[in-house]
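By written order: A, B, C and D. Residues from 1 in each chain.
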Amino acid sequence: MSAHFPGLVIIIPLVAAFLILIGALLDRRLAFPLTALALLGSLLTAIGLLGKVIQTGVVEYHLAGWAPPVGIAYRVDHLNALVLVAVATVAFVNLMGTRELVKGLFEDRLGPFYTLYILLIAGLQGIVVTGDAFNLYVLLEIAALTGYALVGMSEGRAPLSSLNYIFIGTVGASLYLLGVGYLYLVTGTLNMADLAVRLPALYPSKVVVSAFVICLVGLCIKMGFFPMHAWLPNAYSHAPDPVSSLVAPLVTKVMIYVMIRMMLFVFTPAFAFDQMAISEPMVWLAIAAIVAGSFMALSTRRLKRMLTYIIVAEVGYMVGGFWLGNRLGISGAILHIVNDAIMTLCVFLSAAAIISKVGSDAIDDMQGLFKKMPVTMGVFVVAGLSIIGVPPTCGFFSKWYLISGAVAAGQYGFMAALLLSSLINLVLFFRIFEIAYFEPFHDHHGDHGHFVSAVQEAPFEMLVTLVVTAVLLFALGIYAGDIVSQIIDHAIPVGIT
Amino acid sequence: MRFLALITILMVGGLLFYGTPDFPAWGDPESPASLHVSPYYIEHAVEDTAVPNIVTAVLADYRGYDTMFETAVIFSAGIACLFLLRIYRRKSTTTRLYRHNLTGITLRIAKGGKLPEGSAEFERIDSLWVPYDMIIKVTSRLVVPFVQLFALYVIAHGHHSPGGGFQGGVIFGAAIILYAISNDLRRAFRRLNEKAALLASAAGVLLYAGTGLMCLLLGGNFLDYSKLADLLYTDAIMARSHGILIVEIGVGLAVMAVMVSLYYNLSSAGRHDEGL
Amino acid sequence: MESLLANFLAKYNYWAYIGLVMIGMYAMIAKRNLVKKIIGMNIVQTAVILFYVSIAAKKGKTIPIIAHGHEDTGHHAVQALDYISPLPHVLMLTAIVVSVATLGVALALAIKVYRQYGTLEEDEIAMRIEEQ
Amino acid sequence: MGFLNVVVIFLLACGLFFFFAGAVGILRFPDFYSRLHPAGKLDTMGLFTSMIAMALWVAHEWHLGDILTALKILLIVAFVFITSPTATHAIVDAGVRAGLLPWTKDSSEDKS
């Protein structure tokens, strides 16, 4: 059975999606356990796959039994196995933690919600596993479509921001598709490994150059990289809480993974880093992303919006780290994909817990929360420390790799930007800690005449998942060295030093 | 805004323009795109799968995995519309309008009053003015069976002529939508209600994925139809052909149901009461 | 000059698709009406489809359905050069479905926006948001 | 064979003329309802004549397969003849329901 792991990791959630809908038509309460079961299965498969990859190296899976250039193949190496486990973990943990919230928000549409949820996960996992450039596009669209729907289902400005998200996301995906079409035009194949074999002879061709640029632009739009980030804060901050804690950690990170995959394994590093000579401008853009994201985060007084701006900055970390072009920088970027997924999950989950209890996402309304919600705030502190980059949380280690990469590449601007953003994150989070710790609790509901001091600790399941994510943050930090030496080192092609 | 738009499209246009001079000429049979993988498909499709329509063979077999996700895309679009738009509410409490078909008189029935649902002489109508449109109703009644028949033909004949699950499914869905437009939404619900449409869409994709899973259980890779040979009492090649037919039926079912459900949700803005 | 013109004419499909992409993107950025933006989005997607189908074309060749596929394939071997390339058509079937699905979701969201603000003009929506 | 060619070309030319006139009509007529008039009638007629021409051209050798193809073309014509006027009718109906007023000479003078 373990030979089928690469297929099963997608097929389990996919098949479950349809069963969930059918089950929910019979009885609404079936939706959650079915989803949990499927995601657990998918998570276990992903972990098994990672173990298998560590033991035996690259795992290939030929769908429909046709060998690669003719059929579609899944190709799992260290890089995607790691990202796959991260995606599956985030999906499962978030599902467990947000059960009560979802029940409150979407009581009458649980079936469709969980169907979309699990299809989103299937799409993202498929993007990570697939070895076929066009298959990636189809999965991208599944993840995107379900994401649009989930993001748009909220009061206020959510539908409008989701519609803008659709426009920009579609342009990004169409550009990616065009890039793949250009590659197909000159090579006649869609398989990534086959493309990597056939492309080097064609590097002088202008078609390949424009394919490269088009793909890169499309992916940058999809991941919310700095000049194209405008959709991201709106879409993520207006989304319903259980959705933003799912979409925010995963979608941008998976897109960054796709960029790394395309640059390292479809185009060769020699082409991407040396011949195209865009490393320098990309790193500068990343610096701009980090600085702009940090300052925009500083300028807002709303919790979720601040966190989305932090995501813009974090995207800058990873893209910049990757385009440093040396082993340390790329290791840092890949490690940061995993760490940031868990960090963002943790911080958004605790934000969701706070917002659901306080009833507002203004930072000023968080007074005295340490007394009322000690566990949630404790986890929030851990996540904040990790985002700032305090050892032994995991955020420190990926930042360490990124900074050493920047030094090794001589990109002191990038290093300065990382340090500056750490400082600003420090300000951001300690501002919140201060309000929540020192200022006395003030019930803002009291103004309206009905006295409710309903603010109390989040539901039990949520607390457990919050603590689990906090522990994960520490664990990732403590084992960071092992992750890098066991997995990430093998993921980066040998040629990069 | 205009200026920004102009600059953006000029940049994108320039980007796309840059590579074009190096393209092979349009329609060149010797272009690299036509020399690598696609000759394999053309030359081997019939002996591999016994399907003369190469597009169908590639769609449902060589790249069947893509197609499964493509069905999943349309399924998720249907679910997304349902999720976004559907308004779950109790029975409407406002007055209902009925028309006596023979005389064209409109009756207004206040809350509490009741008319038998299946009455042939009276017909419930929307609160907007709905004319008694015999021409459209009769024509649609005439055309719909032919459209449905044609849809089935397109699905079944996808092996030999242009067609297949998507096209057939869309045509079948169009037939039901035509019925819903020419009558009204409530009447269409009597033929295919919301739950049935949802069930059919899930069942259609499940048929596809289930076929793949069956292949996996029988020892092949996912979607490797040749492993179904024993189950279908044929050889491996014909099993591929039959497997393609099975998944095409699944696709057709799913697409039909999703199209109808999209129409239901979009046309009534999720209220499922008074449509177009 | 003449070869430039010949080169230009030989690739008119590709120029046409570039033009369509530009038109669609212009509509998406410059138009202030959400439905017009959705139409622009669809134009972009259709342009991509045109591009792919142009790749598949071979001048004077027929559709990739093997005639008399049932009788005897052994006698006259199938020549790949006689048929246009099937792969881009397959891919574009997928892309068409994707664009239909995106259109459906976009329209659903537009309906939701309309329900909320009572208009689809972006300027008026911005006004409504400020009023709140 | 010359006679059949002449007939086919004549029918095709007629079809093109009808299509062209229909397009001109759609552009030139003043309002919604009158534009539907060329759209409904001339397109149907143009399709009818050009399809008949094609059917004749296909069937001119009197093979069974060709005649079947010609019959299919005739079936298309039959369906278009049923559906196209109905569609136009339905659109007019929708226009009336939406409250669109028909064009009169006075209304155009008011505007100008």
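FYI, a contact is a pair of C-beta atoms (placed from the backbone, for glycine too) under 8 Å apart; a residue touches a chain by one contact, two chains touch by 3 or more.
From a predicted model like this one, the values you see are computed outputs, not experimental measurements.
Set side by side, B-D and A-B show the greater C-beta contact count at A-B. The mean-CA centres of chain C and chain D are about 28 angstrom from one another, to the nearest whole unit.
Computed from the mean C-alpha positions, the centre of chain A lies at a distance of 32 Å from the centre of chain B. The multi-chain contact residues of chain C, meaning those touching 2 or more other chains, are 21, 25, 55, 87-88, 91, 94, 98, 101-102, 105, 108-109, 112.
Among the residues of chain A, those touching two or more other chains are numbered 134, 138, 141, 145, 148-149, 152, 159, 178, 184-185, 190.
Looking at chain B, one finds that residues 16, 21, 23, 31, 33-34, 37-38, 41, 63, 66, 70, 73, 76-77, 80-81, 84 touch two or more other chains. Across the assembly, chains come into contact as A-B, A-C, B-C, B-D. The part of chain A that touches chain B in the complex is made up of residues 4, 7, 11, 14-15, 17-19, 21-22, 25, 61-66, 69-72, 108-109, 112-113, 115-116, 119, 122-123, 126, 132, 134-135, 138-139, 141-142, 145-146, 148-150, 152-153, 159, 178, 182, 184-190, 198, 205-207, 209-211, 213-214, 217.
Touching chain D in their complex are the following residues of chain B: 128-129, 131, 133, 135-136, 139-140, 142-143, 146, 181-182. Against chain C, the residues of chain B that register as touching in their complex are 1-2, 4-6, 8-10, 12-13, 16-17, 20-21, 23, 25-29, 31, 33-34, 37-39, 41-43, 45-47, 51-55, 58-59, 63, 66-67, 70-71, 73-74, 76-78, 80-81, 84-85, 160-162, 166, 262, 265-266, 269-270.
Taken together, the chain C residues at the contact with chain B in this complex read 7, 10-15, 18, 21-22, 25-26, 29-30, 32, 54-61, 63-67, 69-70, 73, 77-81, 83, 85-91, 93-94, 97-98, 100-102, 104-105, 107-109, 111-112, 115. Residue ranges of chain D in contact with chain B, taken from their complex: 79, 82-83, 86, 89-90, 93, 96-97.
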